[in-house]
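Note that chain A is present in both complexes that follow, paired respectively with chain B and with chain C.
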Partner chain A sequence: MAVLTVSRRLLLQGTAALAGLAALGLRAHAAGGGRLVVAADSEPKNLNPAIVASNGVFFVASKVIEPLAEASYTGENGLAPRLALSWEGSSDGLSVTFHLRPGVTWHDGKPFTSADVAFSALQVWKPLQNLGRTIFADLTAVDTPDPLTAVFRFSQPTPIQLIRNALPAVTAVLPRHLYEGTDIATNPANVQLVGTGPYKFAEYKPGQYYRLTRNDAYWDTGKPALEEIVFRVLPDRAGAGAALEADEIQLAAFSAVPLADLARIAKVPGIKVIPEGYEGLTYQLVVEINHRRKELADLKVRQAIAHAIDRTYVVDTIFLGYATASTGPVPKNASEFYTADVETYPFDVARANALLDEAGYARGANGVRFSLKLLPAPYFNETRQFGDYLKQALAAIGIDAQLVNNDAAAHIKAVYTDHAFDLAVAPPVFRGDPAISTTILVKSGLPAGVPFSNQGGFVSAEIDAVIAQAARTVDTGARTQLYKTFQKLVAADLPLINVAEWGFITVARDTVENVASNPRWAVSNWSDTALKG
Partner chain B sequence: MAFLRRYLRSGAGMAGLLIIATIALGAIAAPWLAPRDPLAIAGPALLPPFTDARLPLGTDRLGRDMLAGLIHGARASLAVGLAAMVAALAIGSVVGTVAGFAGGLVDEALMRVTDAFQVVPRFLLALAFVSTLGPSIGTVVIAIALGAWTEPARLVRAQVLSLRERDFVAAARVIGMHPAEIAFREILPNALTPALAIAALIVAAAVLIEAALSFLGLGDPNIVTWGTMIAEGRNLLRTAPALSLLPGLALVITVLGIYLVSEGIGDALERRGRTTP
Partner chain C sequence: MLLILVLATFLLLELASGDAVDAYLVSSGGGDANLVAQMRQHYGLDQSVLARLWIYLAALAHLDLGWSLAFDRPVGALIAERLPNTLMLMGAALALSFGLGSLLGVAAGARPGSLTDRLLSVGSLALYAIPGFWLGLVLVLFFAVDLRWLPGSGIETIASGKTGLARAADIARHLVLPVAALGFIYLALFLRVMRSAMAEVWRLDFVTFAQAKGLSRRRIVWRHVARNALLPLVTMLGLQAAAMLGGSVVIESVFAIPGFGRLASEAVAGRDGPLLAGIILVSAVMVIAINLAVDLLYAWLDPRIGAGHAS
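For the complex of A and B:
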């Protein structure tokens, strides 16, 4: 009975998708045969990972276009070589030398050389890429003394620690021969990808699937194990679980199966739930604060809000245990930087109420001290649910929060351009180094309209100074120490409130092998992923 | 009174009235039946129905009381439905009366505008309106009324066209009444009856559109609505089906009740047609 409803439902929802797969000769039970069918919940139109460094793009593109290095559980400095074999920074921080992998060819047969790296760095990562713009801001030239050596020259000291931590996400190398002299942003190769990776881009049917096929000439001889990967577009979250149970797909990453469904699906024979493999992509649940509001500019009020949030409830009920309570702006699993030695705000409603009384915001006749506008980011179920919870948590301390729901575009405009919020719930990503996408949430002086940055009008000369100093500190130990100071200052001053941090969950058939083999597994190249039987 | 007596003779009408009266009573008495904020966290999350006497219908994903949600949700649904109906009837009858009474170019212009609104699917219109102006209970009401006023407008206009040739209108003209006074004080009250018959249908459609908008996340997030409850329960359809089934059932019963009432009104009007020719 259950099986019947499942297939009916899918048939009704995705007739087009199914028809497309039927054309591929895909039977309902597609296990084995070397074709892995994966649920894709978004459908990026520009698939170029060198321009759009985002997980939605990496999910598909990372199998085709490779970075210089990938994150690793065991490698030195948490890295495993990909297109670069080794890298070293000069002691003055003005240059970084990459020794590239020999014998690598592009999918169209042309050889991969240092000229491709130089072109990607100067023409794409630095001017066009969302993250590269900051990291490579001071990159002035890339010398190519021979085809296998690339020397990055910086005008200002740039810490090797930052470059190292950024390698997996920002250094996808593009083929120079296809991009040079063209309009990079509109190049057809942004969709019909050409890379050096273990899989070649075969076809994209909008609304249906992306199909990748094995690259027989891959540099890592004997890999990949699979013949094909099909990313089937399945935007409906309830649909991914059902499709897994019916064995129509074998893997759903990025929590495509809702958290609330995991306990049930884990009991289905043949299906496993894998919470590992996302350590390098930690999301943080953050309350953004508009310091232009007189009440919120008062530290006591911010402390009161931090004390009003029950992190245990957030972790256990909203995230069903698949999260960790936060202490500050760096997540616990970033062990290189994390420090627990910061101010903490245990759940204490009485204390929160006392702080608000002290701050001079007494309860009115209706029990309300003041009203706020609360904008939960719409990207995740959990951010919305936390918004619902925060409204209640604030009601308990006499703050009346009015929820405002927007779609993604309207939310970004309201918070980051128009500043039309008092509190917002945001899910920023920690990308291996605080300088990549974390300090921007706190530092001042950014123009309005920069998404996922400090648009709350918070200014602290002390914090700004630490951020600026760390950006120019080449010595790894000293730089790490500065970021520990940064965490202390942020936890004490509360420019924003860090509530919890979480990774995604993969659900797969147990025939899929080598899942979660590195800390960025879902967005890595899957060259060792295989299907049993 | 005679109308009420005829209405009460209709079986469907009686059943509908009973259903709606019960729901309306629940909605009106919500602050006493469930005095806490229905969005407050009342207990452990995902408590199944009928396991805790304090929370008879259990709790949702965040631990909010399902029964309180259903009762307060009835308020939102009925309030939006009635408000949208009143707004639609008001716009519709004014447009219909003016068009029918003035005739000529005014009539042409107003009816083409009506056509323009009628060709756009109602739900699409509401969706576009709410997503532009932002979700709040006021915009939802206006958004629904925007798509619903055209039918009453056409019905009223048709009535006015026949009424304006009657003797009592001619008499009013003769005694020198202002045309606007004739239109709105003499003609409109007589033209309204058929529009009232579809009023209940407008309420039913409004309740459904409101639920659909909330389901898509375009409802007012600060109040409980059945549509939001269904949307939130949808992800747990297989682990905790009650979360979406209960509000879904409430929605079905309400809309059914309203349809039965409209049936009753229709029956009553028809009987009048037979007994007093």
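For the complex of A and C:
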């Protein structure tokens, strides 16, 4: 009898297991299924995108924790709804109303409501987030008349255009029930993320990988297509290409495969090179200038340097064609704001030399007019290579540039705290609106120690006035016009020199589908990304 | 001694420009002045070096290795997590280079000046001249990309669910290429030391005597020459263990192995004083332990050394 019971139980278990397996197989088949392994080159110590709005964090976290809206190629104002379905600003700029998506649950099963949005905005984005501290500086309250409506109240007019453009980067919503009453900065959920996104955070093996698994209860029914995404930590850049070829990983974003390897790897059967999907994360190659140097305070000298740079050479040789020459502080692909109607500085060594002569810096006996300290940012191959190029380009106009190569921490301190530079090469990011992280590069009055800001001592009352006025201009058309003026003024005054702008490159196996489906693809939720076969 | 190490680590890192918050800001995409100040305060970086050093030493006295600024985790846990990987990598590489190196050294030293000797000498020198990362990449390209025999990165298969022996076999498979890359470089050293030590022993009287006695060449090589040439090799073993710890930084990066060497380079880049000091302390203890073992090995290999101590 006992034997029979056991065998019956076993039989039942076996049948159940088989049924389960079959169901799993079916579902995996229906959804495409599979595990996508992706190269990651860094492990952020705080993975919370509501606190650290940076691309390194978004890369992993955007699949788990969602913003109110995401960038889109086709949507109205370049946006696609995520946790918010629609938004409108009041005409006085003192409030913005968000209508939230119904039927959304957190990964732990609790419902998502306007209280989560209010908590995130007031307790996290405004006081703790690197970008949100500026954008939501005047946010005083968030009213929640019902669970699906959140009304943001500002003490000063705040342009809806700015809020809209900032939605993808600064509005990652956190679960209030896990954060309220805790020390938000050290909450364990900053590593073990809990969100509403298409993937749940499964595990993190430091130094090895992050593993995300499918959220079966995702609000966008039928998505995501993948069972798992694994972000594999590959610190060596040469390793990512080899791992792709060996099919150990299927995708490397953010140019993890160096530009120099692209021509070769593009010819490998089964591998594709995709330059799209970064239009909303444009990086700008910029020469930062320390205006405290007497020579550099002279506009003619800055104009001469601008004329000495061969932008075509930079784009073709350093970026191997995967970049665009810049005309000013707003990149060309930000079509909402961009204007080409600005002063330009075509490559002209003779004119550069003439400008320097006019400015009174004649060549000495050795052909040198004066010496400068040049600090290329070490974060990218291209910023270092441009440093080498700039040294030569300056030599051609009689400026002797001494290259100072630091590691990342030393570079940040030297440029943004100690001001121990004459020229520096920087890669700032344009984040969809000039007010997010672009105007800070030229506006005055910032204390020492603010990274990626104007630390070159440049002061222009006119530019400061335009920036301040745009910050309070609620009308979208008028605000856009002000930023066109801003571009003109910056191009004429040259507080810094914009050289080129670039997006990154994704390299993937042919089996990966729906790559680059939006302008911030690498840092978006990948709910439609699938594996073929 | 260990205290001096800790002091030196702290001061050296202090000499490097920029602190842990600067290093963090690079990846965070910006912030304002107040946020930066808050972070410095949170990590105690607003205090002087001496104050921080004092706090560190006080914790160390309680065997607490402190808090990593770059990882926001206890240093002890980080080290405990990474050390076994490096020990496996180093141990296997050391065994490979010592074992194969000394065997080939015997082959070369058995007949100094012979064709075998010359080929081995040239071959090993060529191997020694190759940079570790390059050898690693070539191995990956050949065995992982072209042939797909072995995994080219990582320490084990991701979330494989393997346990016990299956997991050990999986880790061993992942270690083949990195161990080869790290071991082959040091192999040349052992080979050459063995060979030259043997060349010296060949000239000694007792070898001439053994030859005169009519012993077979094989017996003379193994029993009389090689065995007596082993001592300098063991000395090398102790020294190379420390050098290999340095070599593993590169190999761990190339093969994406979460090890000690990579942790050290991340600690420097992140200006993470407590972590770096912890790593250096543990490394020092390891090197001391290895050299102690080597000393004991001497006494076992050459009883005269032990006897000398006793008298």
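Everything below uses one rule, namely that the second predicted complex is superposed on the first by the 500 of 533 C-alpha atoms of A that agree within 3 Å, B and C clash if a C-alpha of one lies under 4 Å from a C-alpha of the other, contacts with A are read in each partner's own complex, and residues count from 1 in each chain.
Convention: a contact is a pair of C-beta atoms (placed from the backbone, for glycine too) under 8 Å apart; a residue touches a chain by one contact, two chains touch by 3 or more.
Every value quoted in this text rests on a predicted model; they were computed, and no experiment measured them.
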Which of chain B and chain C A:Ala238 touches, first, second, both or neither: both
Contacts of A:Arg264 with chain B and chain C, given as first, second, both or neither: first
Touching partner for A:Asn55 - first (chain B), second (chain C), both, neither: second
Greater residue coverage of chain A in the superposed arrangement, chain B or chain C: C
First, second, both or neither for A:Asn406, with chain B first and chain C second: both
First, second, both or neither for A:Gln481, with chain B first and chain C second: neither
Which superposed partner A:Thr317 touches (first chain B, second chain C, both, neither): first
Chain C-contacting residues of chain A that also contact chain B: 238, 406-407, 410
In the complex, chain C residues that touch chain A: 16-20, 22-37, 42, 70-73, 78, 81-82, 133, 137, 140-141, 144-145, 148, 151-155, 158-159, 253-259, 262-263, 269-271
Touch list for chain A against partner chain C, complex: 37, 42, 44-46, 52-56, 130-131, 133-134, 185, 202-203, 205-209, 211, 228, 230, 232-236, 238-239, 242-243, 245-248, 379, 406-414, 417-418, 429, 437, 440, 446-447, 449-453
Touching residues (chain side chain A, partner chain B) in the complex: 237-238, 241, 258, 260-261, 263-264, 313, 317-318, 378, 381, 385, 387-389, 391-392, 395, 402-407, 410
Sites on chain B touched by chain A in the complex: 37, 39-41, 45, 61-63, 131, 134-135, 217-218, 221-222, 234-240
